[in-house]
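Letters A, B and C mark the chains as written, and numbering starts fresh at 1 in each.
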């Protein structure tokens, strides 16, 4: 910092610090509020809340496991579908496509992220669910029907549909981050690989390898988004608090049980149970984001060092 | 292999086109001038989304008025002074806040504003949106300011300008278009939010200019129309969706042409 | 001058948003029915989604005769309506099922239930080739939702529907995932008739659905949408959803032993059959009502108001509106698939409305003027 430290300077810095501090305050206030409001269930059930599999508000029995299961499985489905596609798009945009077509394509992919969640939900009910019931579901059952994953009744509404909708929604996010990560891998690496006689595709593989922790970060970031996705998933996942091996069966996620029930819950313990699930989701997002950050930073640091060398 | 990666890109774009085409086909038939300026009416008597458009605009404006200064201020702090534990904490919490489901923000504001005020209000809605906006603006602002070449600051500092003048008069104008981009994108993001408004702003069937009253919004109105029993309501839901998506895409496209950057 | 540039960037953003919205047609001044008229009384209500179409009609019609009173009703769900009136975030709440004693006890002053109209919950289903309405008993509906009756061609179902060509397919029952007045009425009907259902699932806004049986959907439209989309499914929805979308609805066997259709007349019959039993606080379930033609899954829907109004002006306007609604307003009910209150219930509601006070003073001095 320059040593022209005047009163105006410290005032300026002070104001900015207050603004920055606001963010810390908001997050702390949120955690305190949620913790405070979930005290009744924390006291009543303790850790049993997280591993209980019965959810019966009518008899004040609250176990969050079906929701945690649904949240994780649907997010994993989303990632399994979205990661390869996102990687493909990012590689295409950074390594292969000429600039003139890469940037409009990149823009269109990002537009997918601009469509509101409630719109995805409506589209999911009217287009995606019938598609899965009539085409994708029977196809999977014909070829992979021996797996418990693909057995059971096909209604078009359920875990798989929720996962597919999420996949569409996180693809632009993962793509964008992977693209950023690939772009910071120095051109010199590519040139070196090509000079050593590697093919274009082998070069890409080397680039991917060097960017792998950053790509992992992108995936984890996508996971964070998928975990918290609310409106669209509520509309297509079926909202039944059960743990079923079949991906065609209805499931439930934490965010969707909040959306479906928070406004209606009058009972103190019920409200507390819902808010505790919100708290769990908050903390999970927290950890997932921290992981993503550490991973992405790994790549950025490495490349900076490489540049200076 | 290029074929395969290109296919991925084509696949994503196809889905975008399918969704947009579906919205357009379902929505276009119900759109007319009355629909755009009218308030909701009982079933079968027409009605429209005029007050919802106004409500969305007002809440977005207030959210921007609250969120933009705080977000930009925090972003400038992070870029100029943020290489310490405080800055790292703010940065980390911003990223976390960006990933927090917006429904949790809604519950938070419901608890700290709606219950004490004994009323759902446009203010509570706008505050939820502002909380969603702040971390996005802060992080994009930081990125943009960091892109300003070091030589520009050093030159000014060498001429004896105080730090705040350098930041305010040299660095920020240089980053202005980038900051504006971030702001526009965050506005696009909050104008598509439904979940945080359900408990906070509620909805209204009137044109309402006062933030202490429940306020209509496009997203909640879409949700209400889409969940009604009557086919005519569903048509209006798609029409309102078309308007909303059109607006959001419009913002995104304008930003792109203004900046010509990778956004 | 950079400062100016800075500010102009901000201004440009704001202006851009304004232009964006203005282009889309939002006028910056109010329209005739919209402007926030000075001095107009504002009443806010929220709650049950089931009466939303009639309440919207009422507040719109009432404003034509009383332009000085502006009433806003937002449908958020019965539970939310109860919660809102308890936390006093609204001037009146609305709920399909009467509040439970334990919830009423949470109110800081006496809450009154004002029945407004009657409605029905219907069973709708997705069965191609079954043209005549399905005939269902409480026992069979309970069997389906308990997972005991699994196939459409189960002998228990075919016995009541000998002519229908019921397929050898799995039944897919759909229920409400959210807390809902519709569910309360539906489960109340089943629990009263089928002990096993009462034990396992129970009667409430959000009962303990049997795991592995069927799927939950948020809101009536969710249930309707899924049933419409899914072959061999069955679900329960408010009557307006079925009628407005021409969905098939089942005939339900009532306690008198007749399979009856959910018509306005049959719902009224259920109300008339139970009007004499109505308690002083007007909270009553009319499922399984006596009477040859009574539709057994009928219910009142209620508006919840405090007996003692804190703001006398608002309280008076609210009482006058409710008075108007159950009298002049009843003419709009039938078109929207609701049954108006029977005459003797209107009398009871009049007594209730007259008892609304503010600071000890009656608010309805000259009702029905």
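The working rule: a contact is a pair of C-beta atoms (placed from the backbone, for glycine too) under 8 Å apart; a residue touches a chain by one contact, two chains touch by 3 or more.
From a predicted model like this one, the values you see are computed outputs, not experimental measurements.
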Chain-level touch network, classified as line, ring, star, complete or other: complete
B-C or A-B - the one linked by more C-beta pairs in contact: A-B
Intercentroid distance (Cα basis), chain C paired with chain A, Å: 36
Inter-centroid spacing, chain B versus chain A (mean Cα positions, whole Å): 19
Separation of mean Cα positions, chain C and chain B [Å, integer]: 34
Residues within chain B bordering two or more other chains: 168, 198, 226
Where chain C touches two or more other chains at once, by residue number: 76, 222
Residue list for chain A, restricted to those that touch at least two other chains: 259, 263
Residue numbers on chain A that touch chain B, as the complex places them: 1-2, 4-6, 8-9, 11-13, 15-24, 26-27, 29-30, 33-34, 37, 84-89, 91-93, 96-97, 103, 105-112, 114-120, 122-123, 126-127, 168, 171-172, 175, 201, 204, 221, 224-225, 227-231, 255, 258-259, 262-263, 275, 278, 281-282, 285-286, 288-290, 293
Chain C to chain B touching residues, read off their complex: 2-3, 5-6, 9-10, 12-14, 16-18, 20-21, 24-27, 30-31, 33-36, 42, 44, 46, 49, 52-53, 56-57, 59-60, 70, 72-76, 87-90, 219-222, 224, 238, 240-241, 244-245, 336
Residues of chain B touching chain A in the complex: 1-2, 4-9, 11-13, 15-16, 18-19, 22-23, 69-74, 76-78, 80-82, 86-87, 89-90, 92-97, 99-105, 107-108, 111-112, 131, 134-135, 138, 157, 160-164, 166-168, 188-189, 192-195, 198-199, 219, 222-223, 226, 237-238, 241, 244-245, 248-249, 252, 256, 262-263
Interfacial residue positions of chain B with respect to chain C in the complex: 33, 36-43, 45, 50-51, 53-54, 56-57, 60-61, 64, 68, 114-115, 118-120, 168-170, 172-173, 176-177, 179-180, 183-184, 187, 198, 202-210, 213-214, 224, 226-231, 243, 246-247, 250-251, 254
Footprint of chain A on chain C - complex, ascending: 76-80, 82-83, 86, 103, 170, 172, 177-180, 202, 204-209, 211-212, 214-218, 222, 225-226, 229-230, 233
